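Chains here go by letter, A, B and C, matching the order in which they are written, and residues are numbered from 1 within each.
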């Protein structure tokens, strides 16, 4: 098959990732399809444990040793990530992809001053001299709304508040002007004003540099505000993908509908209901649709065969048998 | 996996056993330990001679059908001495560890549960005990209590309980604020019931791991005390004593000292390997990592 | 400023603990099933009630216990550790020569242990599951599974009896000990300007030091390995990798410093294990230090000597612990606030 050069900065195809543990093999990703266009912002949503962080780490090949990429392809800038050598991968991480980790406390080295950690990133990606890098880091920090940034740079991570650490983490990620920024809940520790300020900064950066964004979050509001597209994950699969407006206005997958209802974005606004049940045990997956046990609309086929993503409306895809039937019905 | 239907505690137990069973090294170690325990128990049956019986006419005999491992400087049968020596290493160490648990666990539990002044005092006492390096304090206590295996064992317990107490205290501290403890208090359970009925079962694994990990050190310390002369008293045949006696004749008859040491290493190594595996098995962070290999 | 406060606090607690140690040894003197006066005077002397009374009063044994305690502490603070009931001289005089012998041996053993263990631990983690890792892990676990006195005997047999290396004592038979300045032969021989003596002393200290450090070596190597492996799984290592740093830089700049916190926290304990182990190793290598003195005291039923030596060893250990804790604040910035 000839791979046509696409306009996507990132595309993930049929990605399967497992973690091997004493308790058995955890199937964390079960055939993920995802595309991020150049300059585009994609929101990745889904309840806890559905594999969002695992997907983010797979893209930069920084999964734990217990993880294994069983199958699938990842293309960054039309090049296959999984076939890159260690040095090529290093170069990609150094210059082109940034990752904001979910837990900023764990992601900063406790024994070095935060300034040095930002400076190091700048020296690597932009080849700056130390003095220049120090100036530049101070500038980035003040852009992130940190007054007296020079003083903050002198401090150790444990001396900073959670929100401050998160901004340091963001500074490290933004320092290299990446082509793709993967941000794993980048604003979860910040208060609303700072959060808005930072999201605005990221949006501005995207306008200026055509940086693409994969934004992992729980907050549908942020997705609506920042992203053009949204991918909804469930139990290691992207079960619905499409433009934010279309998906939020007219969710197709029952899970998406439930999720939006919980987020209070659609439906009867007065009643907050959560989706019944829990995600299936990722150690032994049922053969059928992974959502079928919780799905109010499931029928016999759902329990037997796992649905694959189907294109609807040209720009949207959904993995649900209800849709196939609907499509067939339309024809 | 197959354990999912059991209650959490049973599941934990089964999982642990499963993880241990999966390790060949740990299984071999357990067999080695069982072997040495068997030898220790059956020493009177297996030994061809009384271990203290001297044969003045047959000193330093090489191995023969009469004396399978030869004789020592008093003409005593080496095999019998080594078999009997296993009794001290295997059982006295067990006694020490049991005493350690019996002393350390209640102290740690009370210290962690009551907190405040009691905790402060008990922890300062452990600080003082811990500020004697190695087995120096045990040596002193053993000597003060009179030489012999029991005072040696008691001395090691009186200095060794601190680590056990600290572990239990740590668990109690982290558990006592949890919901189930508050619930137990609400339904009218008293402190004693809460501490020993509700909280302490959580200490089981950390205590077991610590106990297994201690065994090796205790065996070495006991042998050391005997080697110095405050533990098992000659002519009784402890491995430490045998090593000390053999030392005088090292040039001509090195095996007298070497062999008991090798046996001791085998036992201690087995305990250490089992302990390592147990610790890894119960470390949730390692569960993923180990199985990945 | 915060650092200074921390240091002062640590020293203060160290002193408190030393007082605790003093109290404990004092209590032990009180529970000893032996009358010190009887030991001192012997059977003969005990027949003179006048003499007994005199000694009892001299040692304040007729006073209330708290007065005895103050007397005891006062004596120790003045460096008076009592008299050996065997040599009859003040214990402190006996210890004067033995103290540096043990401290020199322990420090040297400690340095050897660390300089072997930390590099092997790092190699083991970096080349995980490679032959070098297996080799060093097996060696470590076997090392910690054997008693030091046994390893000492094995080394003596191989290197001294079979290969003819220097075996026992601090210096060769034909040589006079260096002129005492510090009491450490290694340093004193250099001060004296005698390289031949220095080398001889070095060859004598090496085997006992290796023996004394064997347990600490195995322990530290395992600890360093597992700490480094654990650190390498941390998110901040992923952050470092995301910067495109080379693997070597990731390990040595970002992982190692964090991984070394673990061995450093144990250094005090390990140095203690050297002091404690000196009892065995000095016996095996006839090293005239405090450990050997303890054993001699035990065989001579010399309580004052035994207690005093134990006390001195505990004090050295407490001081070492204070030093280690201060060192710890240097490499881990997180403790500085606490």
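Everything that follows uses one rule, which is that a contact is a pair of C-beta atoms (placed from the backbone, for glycine too) under 8 Å apart; a residue touches a chain by one contact, two chains touch by 3 or more.
Every value quoted in this text rests on a predicted model; they were computed, and no experiment measured them.
Trainee: Quick check of your reading of the touch definition: is the inter-chain graph here a line, ring, star, complete or other?
Mentor: Basically all the chains touch each other, so complete.
Trainee: Using the touch rule from the top, work out which pair, B-C or A-C, shares more C-beta pairs.
Mentor: Answer by contact count: B-C.
Trainee: Hey, how far is the Cα centre of chain A from the one of chain C, in Å?
Mentor: Computed value for the inter-centroid distance: 54 Å.
Trainee: Averaging only over C-alpha atoms, locate the centres of chain B and chain C and give their separation in whole Å.
Mentor: 24
Trainee: So which stretches of chain B touch two or more other chains?
Mentor: Residue numbers touching two or more other chains: 289.
Trainee: Counting only residues that touch at least 2 other chains, which ones in chain C make the list?
Mentor: Where chain C meets two or more other chains at a single residue, that happens at 233.
Trainee: Multi-chain contacts in chain A: which residues touch at least two other chains?
Mentor: Touching at least two other chains: 64-65.
Trainee: Show me the residue ranges of chain A that touch chain B in the complex, using the header's touch definition.
Mentor: Touching chain B: residues 19-24, 64-66, 281, 283 of chain A.
Trainee: Residues of chain B touching chain A in their complex?
Mentor: Contacts found on chain B: 1, 4, 15, 18-19, 281, 287-292.
Trainee: Give the list of chain B residues in touch with chain C in this complex.
Mentor: Touching chain C: residues 124, 127-129, 131-137, 139-141, 143-144, 146, 216, 220, 223-224, 227-230, 240, 243, 247, 250-251, 254, 257-258, 261, 264-265, 268-269, 272-273, 276, 285, 289, 293 of chain B.
Trainee: Provide the residue numbers of chain C that touch chain B in the complex, in ascending order.
Mentor: The touching residues are 17-18, 20-21, 23-24, 28, 31-33, 129, 141-142, 144-150, 153-154, 156-157, 161, 230, 233, 271-277, 279-280, 283-284, 294-295, 298-299, 306-307, 310, 313-314, 317-318, 321.
Trainee: Quick one: in the complex, what on chain C touches chain A?
Mentor: Of all residues in chain C, those touching chain A are 233-236, 238-247, 254, 257-258, 261, 331-334, 337.
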